[in-house]
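In the part that follows, the structures are each spelled out as structure tokens.
Consider the two complexes below, in which chain A is the common component and chain B and chain C are the respective partners.
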Partner chain A sequence: MNKPLLQVENLGVCFHTDNGTVNAVNGVSFQLEAGETLGIVGESGSGKSVTNLAIMGLIPSPPGEITSGEVRFRGEDLLTMDSQHIREIRGNKIAMIFQDPMTALNPFLTVEEQLTEVTQLHLGHSRREARAHAIDMLEKVGIPAASRRIDEYPHQFSGGMRQRVMIAMALSCKPDILIADEPTTALDVTIQAQILELMSELQHQEGTAIIFITHDLGVVANTCHRVMVMYAGKPVEKATTREIFASPHHPYSLGLLNSALRWDESHGGMLRAIPGQPPDLTQLGDGCAFAPRCEYCVDACETAVPPLISVDKNQTREHACIQDLPSIRQTEVDV
Partner chain B sequence: MNSVPVLQVSELKVHFKIANGLFSPPTIIRAVDGISFDVSEGQTLGLVGESGCGKSTTARAILKLVQPTAGSVHIEGVQIDTLKESEMRPLRQRVQMIFQDPYASLNPRMTVGNIISEPLSVHDICHGDDQRLEVMRLMDMVGLNPRYMNRYPHEFSGGQRQRIGIARALAVQPKLIVCDEAVSALDVSIQAQVINLLMDLQQQLGLSYVFIAHDLAVVRHIAHRVGVMYLGRIVELADSDDLYQSPTHPYTQALLSAVPVPDPTVSQQRIKLVGEVPSPDSVYPGCPFVDRCPVAEDQCNHTVPTLTPGAHQVSCLVQSIDLPADSVEVSG
Partner chain C sequence: MFAFLLRRLGWAILTVWIVYTVTFFLMRSVPGGPFDGERQLPEEVERNLLEKYNLNDPVHIQYFNGIRDIVANPIGEKFGPSIRLADYNVDEVIAQGFPVSASLGIFAMVFALLLGMTSGVISAIKRNSALDVGFMAAATLGISVPSFVLASVAVIVFVFWIPIFPAAGWGELSQILLPALCLGAPFAGYIARLTRTGMLEVLGQDYIRTAYAKGLATRRVVVRHALRGAILPVVSYLGPAVAGILTGSLIVERIFYLPGMGSHFIEAALQRDYPLAMGMVLVYTCLLYVMNTLVDISYGVIDPRVKVE
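On to the complex of A and B.
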């Protein structure tokens, strides 16, 4: 029996606020196999981060509520699991790296205390073993003089070094899944390149599956095998990285690709920006959430939410648009 | 064509003293350490570099928000760094700034109408009904519905707030706008809208921009000339396409190679830089990039490189010996 490493089925998360109920995530399904990298792309408020917080069991309740769905890790549903059991998995089998390492690390504890906590808890290391392991991990992520720096506090590290500490911590227990939520957004490009390379090296060595949340399509093109594009809490397109860059099937994916600038090409002239603003999640209408900003919108788009449909036989490519975007664009080119 | 550049920065240095207690000498942070460039009318100069390279300090010195340690800043031919604050005020109409964080740079207790009209009152440009009409015109110009002038900043999204900041900067009809990471905090689709707006306004109004950003792709798109900064100095300065097509300084080459291209069919050759940007508090007897440079030679340790003259300026001892012939242009 070949179960996927992680299977998310129809996940729904909402937040009850004073201004109404925000349907942050609304019917997200995807699966992840060992050794692969899935990119989740979308703008602020598209539900990328909430999806992954739900997988980790980190949705604060109240105001958050998981309204539907299953998150099966090796066949076991994490959402119905008791908290004792989920704690054995979180940080151990599924680990997470956050965008801002300064707020994710505890400023009052030395790096040693933060790194050894997780291995003492999950792997039953003694203090001495845990320290040796932590130094080993810091060396692996490229922190010079690790045996000295392990006794320092987070503020004594630069941004890139802190992110390395976060990665070392996340990888301490050799997780099966690493969730990276915008891990390089706050970093300079040269440091970003180092961190991305480090992550892919570790993936090769350990066969870790990675969920990479980002809005940078350059990073997606360079690191991810598959991509899921999210808009207003729903996946609107799923495909392999090459497919989606070559021929997006959803107008929002196309808009994102058009908005992404390349440094290696001269553009000149105006960008093809997506008009309008992302929608208010408390007031989603009956139709497709992207319809008000979509240049391919027809009447039918405003009356019903388009379901995810697959376009090929293997069911690896799905998109939620009633239009046949590639053929419309083909006719545009012909005209 | 006006022959005086809108902005002239020459040999600008901004050093900060950090006190180390009563008996130790202060540490000197060389945030900007001798940079020169011109921006002419209707042109955009991009400044790129990693955090701590002095981009933002340069921006602040152009607006006289920090006092230069040495060198000069001329705006439309007037040297501003020696002016008193009262003499500077009329010049503040000529140069404005747009900030990175549209959440922090707008007063949350003021309505959008008041935010945009404040510079009109301060500089005594117009009052009363004229002012109201002018605010509506400005809001319309940046793509905001003038009906929203009585709303507060928190009622707007990030992209709209950045438009409010642009409208406020335009209110005094400046010639030069300094954009410090003006689109970095925005989502890609919104970022593209704001970039289009800035370029459109430049054409309509003949504005000049100093566009500071760490996103090299954005800078290529918007800037006519680009300066690459490292540890307070410009290491390469050239026309945008020239710089991106034939980067000459090893730092520029490494920086560009680190930016991922949004195209999975492109395989990029990464030039690996070891380590991180060193601290700007030490004095370098040679090239400040020497410790991270992949092509450093012995001479780089004790000779300070200077920018070559011409259209494509480079500050590198190694490359200046055998520059690829097509990348050097000497302007007449």
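On to the complex of A and C.
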């Protein structure tokens, strides 16, 4: 069997703070094949960003600590790799773009300086080669008059243009994996659509695998092949995009779907929010972390954490709920 | 940029005029005069002396004559003879003392910047380490110990106990080092604290995470991505720091017997040497003004978002 491009096994990350230990990520496993797009979905604080920072080795330590797990990229464990070696992978084989392009670019350096240093470092470009390559990349991401604008500073670009610069920077070395941490959240909707289109276009050209972190299910529906839903630092459901929209197996996934706008469904004018707040990650109880907010909760939910179980034989679909959500909903409809 | 400098020049002239006026009337309003002493001078002698220095004119005539001399001759002699140093013109006194005070000030400033910024950056990167605690303790000590105490201790230690520096005098590198260190120490401490704070703030920014995500080594992230943002507070502190070094040099020059302008400044004020005191005040005014303008310009050079206007 072919090895996946990236395999995350039982990853655990915690942060030691004055208010106790925050268990941000508690046993996350997933895999990513070359060229595919995986969506990681969840509320703020569900551990989706921390998971990916851990993959990049960018968890600040202290206060952060990786407590368990393996992150295998082409068979090598990134977590135990020495710092020299992982720097050669960062920005080169695995690149990242961030949520807010206003703050993620350095305001003191020109776009050229920020773009060329990646390729000079990883591809050994000379200054001139790096500049030519940077202009190419800027043109590819749709920045007009790239050869002139490359000498400008980030504050001279609009938000959408800055995110294009970030994408150009991340894709400069043709990475195998692009981690996009809410790349469209800070942009307005028309720009969002353009950026998403650009990303999928470039993915087709370059064959880059993308991990798409978002809380916007609309974005997931448009871009992702598979989805992993996270809650309180754990995956609660993994499925293909089609499956999860058709029939969510975890009440939290259902809650997310119900609280998002869908063009193919009428909500009678109201969106349904998930009641309550995400749990305090310093003190997780014995039971299912979602139980206090779950309308399908039974006594057994509060005594033991439900494990991830496969739904079908191929194990492409997993969920962590002891209830059989689709059949419960079926009976609700029948009644 | 040219318009900026021109406007700055206009403000400079206004500033110098205001400082001249305030200084002139403050000096004249202080009781006593240049020739008052324990021994009463004969009336004719005093009258001749006053005449020699044009001090028997009415005050407003003296005021306008002073301005006329400066405006008519901005490069050459403009302050007339000193009273205390009877054989010298004030301009000559400044020409002799200025290079001494300026080199002392520049040495002190460079020392303060080098030591302050280096230790500040190291402290920020190795936050809460023994090195950080040590540097910041030293910085606090440097800020809180007055320069005359520091200078006296330095003389005891480095001149008498470990004789590696001369106690006083001027002309050799070894003679400038000790006073420059004593003069620069509090500023080094302050700059260290500012750099550390600025660095810590910048290191928490998103664009630093971006830089690490590119695979850059820590050293390069700090030097290329973080340092410029981190020293902005230091740059804004440079204006007041120069003022502090100027006034601080009055004391340090005294302790180390340096032939700078500082001692003339104090003596001129105490002995009502009107022309000399005026000359000193105006030199310091211009110096401060130039330094503040340089700081404003360098702000625009460091931060591209700042436009110098």
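Some points to look at:
Note that the second predicted complex is superposed on the first by the 325 of 335 C-alpha atoms of A that agree within 3 Å, B and C clash if a C-alpha of one lies under 4 Å from a C-alpha of the other, contacts with A are read in each partner's own complex, and residues count from 1 in each chain.
Operating definition for what follows: a residue touches a chain if its C-beta (ideal position, glycine included) is under 8 Å from a C-beta of that chain, and two chains touch if they have at least 3 such contacts.
Source: prediction; values computed, not measured.
By the touch criterion defined above, A:Glu43 lies against chain B but remains apart from chain C after alignment on the C-alpha atoms of chain A.
Once the two complexes are overlaid on the shared chain, A:Met56 sits against chain C while remaining clear of chain B. In the superposition on chain A, contact of A:Gly91 is made with chain C only, not with chain B.
Looking at the superposed arrangement, the partner reaching more residues of chain A, out of chain B and chain C, is B.
Once the two complexes are laid over each other on the shared chain, residue contacts for A:Ala104 go to chain C alone; chain B is not touched. When the shared chain is aligned, chain B comes close enough to touch A:Gly218, but chain C does not. When the two complexes are superposed on chain A, none of the residues of chain A touches both chain B and chain C. Looking at the complex, you find that chain A touches chain B at residues 43-44, 158-161, 188-194, 196-197, 215-222, 241-242, 245-246, 255-264, 266-267, 270-275, 277-278. Only residues 205-207, 209-217, 224-225, 228-229, 302-305 of chain C touch chain A when the two sit together in their complex. Across the complex, chain A is touched by residues 50-51, 157-160, 187-193, 195-196, 199-200, 214-218, 220-221, 241, 244, 254-266, 268, 270, 272-273, 276-277 of chain B.
On the side of chain A, the complex with chain C involves touching residues 56, 58, 87-92, 95-96, 98, 100, 103-110, 117-118, 121-122, 153, 155, 166, 169.
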